[in-house]
Structure formats: C-alpha cells, structure tokens
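The following pair of complexes shares a single chain, chain A, combined with chain B in the former and chain C in the latter.
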Partner chain A sequence: MPKEKAITAEMLTKRFGDFIAVNAISFEVDKGEIFGFLGANGAGKTTAMRMFCGLSLPSSGKATVAGLDIYKDNEAIKQRIGYMSQKFSLYEDLTVKENIRFYGGIYGKSDTYIKKETEILLHQLELEAQANTLVGALPLGWKQKLAFSVAIFHQPDIVFLDEPTGGVDPVTRREFWNMIYEAAAKGITVFVTTHYLDEAEYCDRVSIMVDGVIAALDTPAALKKQYHASGMDEVFQQLARGAKRQDN
Partner chain B sequence: MKQFLSFVKKEFLHILRDKRTLFILLGMPIVQIIIFGFALTNEVKNEGIAVLDLAKDQSSGELIRQMDASRYFELRAYLQNEQQIEKTFLKGQIKLAVVIPPGFDHQLRHTNKAQLQLIADASDPNLANTMVNYAGSIVQQFQSTIFPQQQAAYQIQTELRMLYNPQLKGAYNFVPGVMAMVLLLVCTMMTAITIVKEKESGTMEIMLVSPLVPFSITLAKAVPYLLLSIVNIISILLLSVYVLDVPIRGSVLLLIGMSILFTMVSLSLGLLISARSSSQQTAMFISLVGMFLPTVMFSGFMFPIENMPKPLQVISNIVPAKWYYIIVKSVMIKGVGFNAIWKEALILAGMCTFFLAMAIRNFKIRLA
Partner chain C sequence: MRTLRFLLQKEFRQIFRDPSILRIIFMMPIIQLIILPMAADYEMKNINLVVTDHDHSVYSRQLINKITASGYFKLAAVNNSYQQSLRDIEADKADLVLEIPVAFEKKLIRENTAGTFIAVNAINGTKGNLGAAYIRTIIQDYNQEIRSKLLPFSGMPPQPQIAITYANWFNPQMNYKFFMVPGILVLLLTMVGANLTAINIVREKEIGTIEQINVTPIRKHHFILGKLIPFWILGLIVMTLGFVVARVVYGISPAGSFLSIYAFAAVYLLAVLGLGLLVSTYSNTQQQAMLVSFFIMMIFVLMGGLYTSISSMPEWAQWITKLNPVSYFIDVMRMVVLKGSSMKDILPQFFTITGFAFVLNGWAVWNYRKRA
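Coming up: the complex of A and B.
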C-alpha cells in the first residue's frame, strides 16, 4: 500500500516535555499531489514537517516518506527529498551560480548534470544576467524562487516547503505557485505549509492543523462545502476559533 | 567524496570573498611577529643612564665612557649633586644612575679598593635586575683593562655560557609563543564561528536534510583553515629567520609537521566549541576566554610555569599550547629531533583525538 503514497503518517506525535506540539496525526499524501499544510502560528506545522525531513525525531507513531520508514531509512530518505526552510537558506556571499553548484554538489550530482541543469534553471528564472551576482544582492522574491529551484535541483521525489512565500508580494507569490505547479507536473510531490489562505485554494488537498491535531483534511472545494463557506479563510476561521494556542 | 569537495570549495569561496577577514587572518601573524619582535621586547637596549661623577678623574672618565659605549646603556645626563638624582628618575629620562665618589682613581690605585653606587629604577624589577647585572659586568671588564696583570691570591673566575641563546634574545622565546597563539586563534575561533554562522543563518538545516554526513560537514569546515594555517606557519618562520634572526636549528619538516598537529588540535577544539554553542557571540567568547587566555598564561611563553603554584602547574598540563610551545622551542632553538619530543607529540595527538571524538558526539544531527 505505501508504494503509491508519497507520505504516510500514523498517530505521529512529538512532545517537548509536557507540551504536545504534534498530537497523533494520521494522514496520507498521494504521489504527485500538492498537499497544503495549514494552521495558525504554533499549530505544529513546522514540527510535523521536520519529522518527515529527519530534522526531528518523533516521540511516537509511525511515518513513511517515499515509501521509506523515517526511523530506519533516514539516510535513504534524504536522497529523495528536497527542503526549503522558513529562513532564507542560500548563501548570501556566494553568487547564484555558486549556490546552485554547491547544492548540486552536496547531493552528489555530476559536473555535467550541474552545468546543464544550471543553464536550464537560470533560463527559466530569467536570471542569466545575474548568474554571477551575489545572492545577497537579489530582491527577496527572486531569492525565494531561486531557493525553491535549488530545493528541487537534484530532482527529488518529494519537496517540503516551509512557508515559502512569507513576506513576498502577491505577484511574486503567484509566480511562485506557478513554479510549484510545474514541479508537480514533473511528478514531484509537494508538501507545503502556509498561513496564506488564498494559497490553500491552489492545493490539491489541504489539512488544517489546530493545536497539534488535524482538524480537517480534504480538497478545498469539499472543505468549503462541508463548512458552508465561500472561501478557505471562512473554513479556517470556523476551525481556528476553538484554538487555545496563540503564537509560539 | 564529490560531496565533500563541493563543500570544501564552498568554504574557500566564503573565506576568499570576505577579503577583510582574510586579510586579518593572514596579516595577524605578521603584525604580531613584528610587534613582539621590535616593540614588546624585554631586552635591555640603550637604557638611559645618568652619572653623578664626584671624582672627575681619569678612571671615572674611562668607566663612564665604557658604559656609554655599551649597547645596553646610553648616557643621558651628567648630574651635579645628589638632589638631581631623584628628579631625573622622576622625569622618566633614566632607568639607572651611577654615582662615583670623590677620589675614585686615587683609591683604586692606592688602596686597591674603590666604591661605586648603582641606583636602579626598580618599578620594573626584572629590568632593574638585568641592568644592574650588565652594569656590574661592565665594571668588571673595566677593572680587568686597567689592571690586567693584577692577580689576587684567591680568585674564582666564573665563566658563563648561555646555551642555545647566547645573546639572550627575547625573540627566541616569543616566536614559539606567537606561533601557538596565532594557530590557536585562527583555527579554534574561525572554525567555531563559521559553523555557528551556518546554524544561525538556517543553512545548517538544509545541510542536515541533505545526504551529507555530519562528519564530512565538520571536516570540510576545517580543511580551509588547515591550509590557511600552513601559510601562516610558513610566514611566521620566514619572518623569524630573516627578520628576527631566530634560527631553525632542528628539522624544518619536523617543525612544520608538529605545527600541523597542533593546528589539528585547535581545529578539533573549534569544532567542539561550535557543536556546543548556538550563537556566534558565544562561540567567540568561549574561544577567546576559554582558549586564548589560558594559552597566554599557561603555555610558558609569558610566565614561567616552573614558578607557578602547584595547582596552576597541574592545570597547565591540559593546555595544548603548552606542549606545542615545548616542541617548537626544542626543535627550533635547541635543534633536537623527534626522539626528544615524542612524548609531547603523543599528548597533542591524544588531545586531538579526544576533542574530535567529543565534537562528533556533540554534533547535533537533529534540531530537536
């Protein structure tokens, strides 16, 4: 069964002392799906994502990523996933090209692969003229798009995006989502956390986390119907009203 | 391997791009050697002296001339009376006053016994001691020139030989010290800072998600600084040999090999510090206070360990720089081979292994 699933979670839990950040969540993500992971700040989104990436060890529960067990096959999973963290994580003192080279290199890609793919990537991003510009000098929107391209540079099966569009203007956000669609069209499963509710509409399915548990999970259309709402923000309002946790 | 090389290359780019830091890293040893070599020396050289010559005869004149001619002293003032002595000291012009009583020549030639007073500024006790010794030996020499034939009934002549450093040059002491300091500072502090920087900027997270093995992350961080340190070792050695006239009596290869060993100890210390600290400030503070001060105090380079209270002597044993300092002094100044320093080398190798193992153990592959 897990063969066709990109991600599965079963009663996955993370405790920090008395605090239960993620409380027994269970769900499955299909291959090639764009899966939105919504929730207010402190709902447990980032913690859950970190467990799938191997950055955080679960307290209990089971999970698989790309059909591999997150406890046993941690190292094998790393080859097959891409990750873009909340913090901007390219090197500002390296040029666009050097950053791409580096990330290609640490995933063990060959020089010819890196060279060829870098050209394609720069062309797609229209960054050819900036290839030798320091990343620190680029506008934020471009940085984020570049960071996403770098995260999928090694052609992972699944890419984890942790609030990728934070602080980016609406036009760039739209462009960013077009890039996500393109990646999904190539068969990459996209697992994305966000708190922009308009972005939830772009996902194939969304889960809404409230206080460490998954309060709802379905396609945006089905969720709106179920909660008699006109937009995802209304769905979210209804669910989040009962939340006890505020900011982390 | 390919992954490792990409990482090392990236580290070089970081270092090369930050021209200012690079300049400091490569310039610091040069500046330190020059400062220690020419400014911070504890040698006695051309110290100002004053003379109160109440005799004004042939012998006193000759003695004063000999003192002035020596490279240790320079005659700054002829005093007229005793009151002037202290005044001149207070003005800071002189460090030593020579008082020659009336009838110096007469007494010397007729009673074979003359007196002379040396007054030294002992606010710096070491300097005062050295000056008085030098002045004493000039008087001794003076004596033997005017009465070469004179032989007392019983006379013990001591012949002094200062082995390995006959001119008692300070550089012989501080060149090994500066080497220890520079290597420690560059390696420990810089590696600690660069790793913590990645933690702060969030790039460490990306690295932990990637297939990179934690061990190769730490190792790749250390490689550029190891190479940089080799450049520093060579520039320090060149400067000491050609500018400060400090010889390398032993094998240069052994010296460089031992320096690389010490560099690796410093690097592993840096890695350990980085594994334990979460901000650049913490890393810097631990490196400076925890590493730099003990190195200055306990390596034996500024303060002789033999004179310390027992507990401090015991503490000095855990300071890696102490062992390196002993090695450098032995190889460079005394010219011994490996068989004379293998114990110290073994201690350093042991420390390196220990710190590295601790660093790897403490390297967090997960965030929480």
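Coming up: the complex of A and C.
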C-alpha cells in the first residue's frame, strides 16, 4: 500500500567515488507523520535528503516520494514537496512579500491565491509591518520562520527541513516547532533533520544514522526503553560513539 | 510563460536594487567611451627627438626646423656629441637621435650628396620605427626642395619625380576615433553580456538560492531564459547609450542603418550571454567566474582586431580569431558604421554569430543540471 506512505526507501545508496555517503538505507515514512532524521555531522543525513528532493541522483536502490518514483518522476515530485535547506535561501535583496510572491508564482499558484495566503501568512508570523522590508534585514529567527512558511506556501504533501533551527534561540525554536505541529495537523508530512536532541522528542518517530546506515528507528519512547536511557541524548551518545566518520 | 513572468520580475527587481550593477551598466560605457578613444591613439605624436648637429650650418638648421615643424616631433635636445645623445636614449629622454655630420652643407652643395644617421630607441619599437619612417620622408622631401633650388645653377636636366597622393576611403580624415569608438562599444557589450550573467548566476550558487530553485518544478529553460532576457535588454540599452555618446562626443553616426547593427547585436548578445552562462555552469564561486571571464576577455580583446589588425597576424593566430565572436562584431561595426554596408553585406558574419549563439547556449544548457 504505497499510497499511504509519504516516503519509502529501499537499499538507497549514494557513493562519491570510494566514499559511501549513504549505505543501503531502507525505511518508510507514514503520511502526516513528523519524522526525525538524526545523525552526527557527516553521517549522511543531508545526502539522503537531497536524494529525496531530486537534488542528487542515487547510486543505487529504490525510493518513492509522495508515491512517485525518484528516478522517473523527479520533476513531478517537486510540485508535491517543500524544502528548506541548511543554508538560508530566500532572496535577501527582495522584500518579505516579494519572496512569498515569487515562490508562490513559480509553483504555479494563482494571483488571488498568492494575495490571500500572503495576508494570512504575514498575520500568523506577525510580520505585517515588515511586509515590505528586505529579507536580509530580518533577525535570524524570523528568517527561519519565514523560510519555513515559504517552503509550505504551495501546500505540499511533504516538507523536508534540513537543520531548520540551527543557530536559533530557544524561544524561537519552540515557536518554530509549534509551526511544524500546525503544518502536520494540516496533513503535511514533515521530514526533519536536527542536532538538537530535545527536538527529537517532538517527533513521532526518529531514525538515527551512523556512518551512512540507519542504526536505530522507532518512536522516541521505544528507543529510550530499548537503550535503557532517560533521554534521547543518551540514546544518541550510545549509538554515535562507535562512529568512525568525523566532521563532513 | 507565467513562471517566466515571475522569474523576470524577480531578476529586474534585484538588478535595479543593486547600485553596483547599475553603476557598471551606466557609468562604465560612458567613461570608457570618453577616455579610451582619446587616450589610445595610434597616431604618433610627441616623438622625442634629439639632434646631434656637428655642422651648425644654414642647411642643417633648416632641416631641423622642417622636422620640428611637421608636428610629430618634440625637439628634446640639441647636443654637440653623439655620446651625449646616446646617453639621452639610455635615459629614455629620446626616441630618436638624428646625427648631422660635419660638413653636411658643403658636401651637399659640392658633392651633391650627404649622409645623416638615425638611431632608434627600440624599447618602444612602434614609436621609434614610425618616427624613423616619418623622419626619412621629411629628409627626402627636404632633399627634393634643395635639389629644385640648386638645379637652375647646375645645368643638369631635372630629375623625373613620382609624386604620391593618398585618398583614405571610408574614413577620409583617417580619424582614429572613427576606428576605435565602434570597437570599444563591442567590447563593452561583450563584458556586460558575458561577465554580468556569469557572476549573477554563480552568486545564486554561492548564496544557496539556486538549490531552492532546483527543488521547485521550474523548468531548466525557464530559469535560463529568466536570467538571459534581463541582461539581453541591458546589453541593448548599453549599446544605445554608447551610440548616444559616440554621436554627442565624437559626432559619429553610422553610415549604414541602425537596424542592421541592432539586428546583429541582438544575436551577438545571445552568443555572449550563452558564454556567460557556460562559464557559470563550470564555476562554483564568483571568484572563479571572474577569473575565467577575465582570461577569456583578455584574449577576446587582444585578438579581436581592435588593437592589432587581424590580417597582419600569423596564420595560426588568424584561425584563433575565427573562434572569437568579438572579431565578427568589430568587423560588422566597421562595415556598417564606416562603410555603410547593408544587411546583405553582413550576412556571413550574421550566420556565423548565430552559430556561436546556438553552440554556446546549447553547451551551457546541456551542462546546467538541476540534479547532481
């Protein structure tokens, strides 16, 4: 029943020369789930995510996103997903409104949709006063929240978030996760990588990657039980200690 | 089409919000067109001449006067010894030394022949050689003058002479600026087209926005058109500005039609924009893009036929210039602006540059990948 799965991966592998960045990973993500994708630096999280988003061609293995094959339907998948990269990637020399309009437009949304939704979005983010401010002038926390809103502006089935809260203060981080919950409540599947282990607790299920393979995958509660740990932090420590790869 | 509209809107907003791009687009052509043609003058003037006059006669003085009156030479010094003059060459005070021997006048009248000696400072070879050629012509001229003055007394039959008069077609006054201005305009257009496009796209790579674009359903050709069209328009604006400057400052307006120039420029711009795009697909940082375009521009400029004539290059170099789009446009500019050539005359160049546009853009599109 692939229809009910947002993402499936089967022996998905990415090699860069001799280096195997992602080594035959297999897992499934249910529709509407918040799926945490954890791992140390260089474990292969971003590479895996880039394959699902159609930015990187897998070396071997199979995968589907929104029921579509990532080899054949690469471009069709793009209409159905949102993506927020590690690097902030809205246009800093465009205003808040212009950025929203641009991304709405290139996903083929109508002018009336863009206009209506922009107002709602600005209201939710409390950015009405900054609508015509250049994005470059916003504080980092606001930028990240805006980037997330833009990533789901075209109402995708799945949104991929690559370390969305890096460098953001704890209060904004909490607000950010509230936005993720709201998105999930609307039925958007959330696939998120993070380094913050408290955030892992917010996920429905969590996978932990070590050296290109998935070392563990379950709900946070089950993982803690399995590893006799009091928090996700301890689980992660036990798994990642054996890692051979260092930074990137 | 709708996607393209959003892309163009975004590009134009960004361009007009960036003061440095605007400065490049509007100030660069004006400054370059005003300074370069005035400064880069191939006519030799101000050749520093040092004369060693051992004769101090009426004739020797007349010769010196005639030379300085030509307007090409600046009499830097008159020395008594050749050694002193050589020292002037060593100190770079002299480009040319003219030595007039002892008894120059006497020999000229009595023996009907006299020698002079010219030493050339070959460090600035062109200047020295051209100066020597000028001076030779002046001395010959002077020779004829004396002969015709002395002839009536000698009883010899007058020597037959061949007089040469010149007519310079297409640029009657041999005005160097007529030659330079259209050429510089071509270089400007090339720089705007290739460099700005390359840097613009690579900047998106550097900031990371291109990755965000690559996860959207934007078609590759839409994205590329969205990048090329704004710079295509800007290129034509720069050219128009250039023609305004050419008209106002130098009084140059094309002998042929603007239509043929713009038609050619429209396709030419596509070719250089394609080149910029190609450079961007091979570079990851703005620095790389800058260096590569700088390298290409150097070759384009020096082998484009503006500063050195292509027909006097060695054959292998002439083959290289065939791969240089700049050389075709400079050709076309000169044909249309100076000769008044029509669209029909520039058709060969037109087809060649269309080929360039297809190859460069095709290569760039092929090499631009949304997925690595």
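One rule holds for everything that comes next: the second predicted complex is superposed on the first by the 248 of 248 C-alpha atoms of A that agree within 3 Å, B and C clash if a C-alpha of one lies under 4 Å from a C-alpha of the other, contacts with A are read in each partner's own complex, and residues count from 1 in each chain.
Quick note on the criterion: a residue touches a chain if its C-beta (ideal position, glycine included) is under 8 Å from a C-beta of that chain, and two chains touch if they have at least 3 such contacts.
Just so it is clear, the model here is predicted, and its values are computed rather than measured.
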Clash-or-fit label for the pair chain B, chain C on chain A: clash
Partner chain in contact with A:R173 - chain B first, chain C second, else both or neither: neither
Which of chain B and chain C A:K78 touches, first, second, both or neither: both
First, second, both or neither for A:D93, with chain B first and chain C second: both
Touching partner for A:K143 - first (chain B), second (chain C), both, neither: neither
Which superposed partner A:K5 touches (first chain B, second chain C, both, neither): neither
Chain B clash site on chain C (candidates 62-70, 80-88 or 98-106): 62-70
Touching both chain B and chain C, residues of chain A: 53-57, 75, 78-79, 81, 83, 85, 87-91, 93-94, 98, 101-103, 105-108
Chain A-touching residues of chain C, taken from the complex the two chains share: 2-3, 5-7, 9-10, 13-14, 17-18, 207-209, 211-218, 370-372
Contact set on chain A toward chain C in their complex: 53-57, 74-76, 78-79, 81, 83, 85, 87-94, 98, 101-103, 105-108
Interface residues, chain A side, partner chain B - complex: 16, 47, 50, 53-57, 75, 78-79, 81, 83, 85-91, 93-94, 98, 101-108, 110
Residue numbers on chain B that touch chain A, as the complex places them: 2-3, 5-7, 9-10, 13-14, 17-18, 201-203, 205-212, 366-368
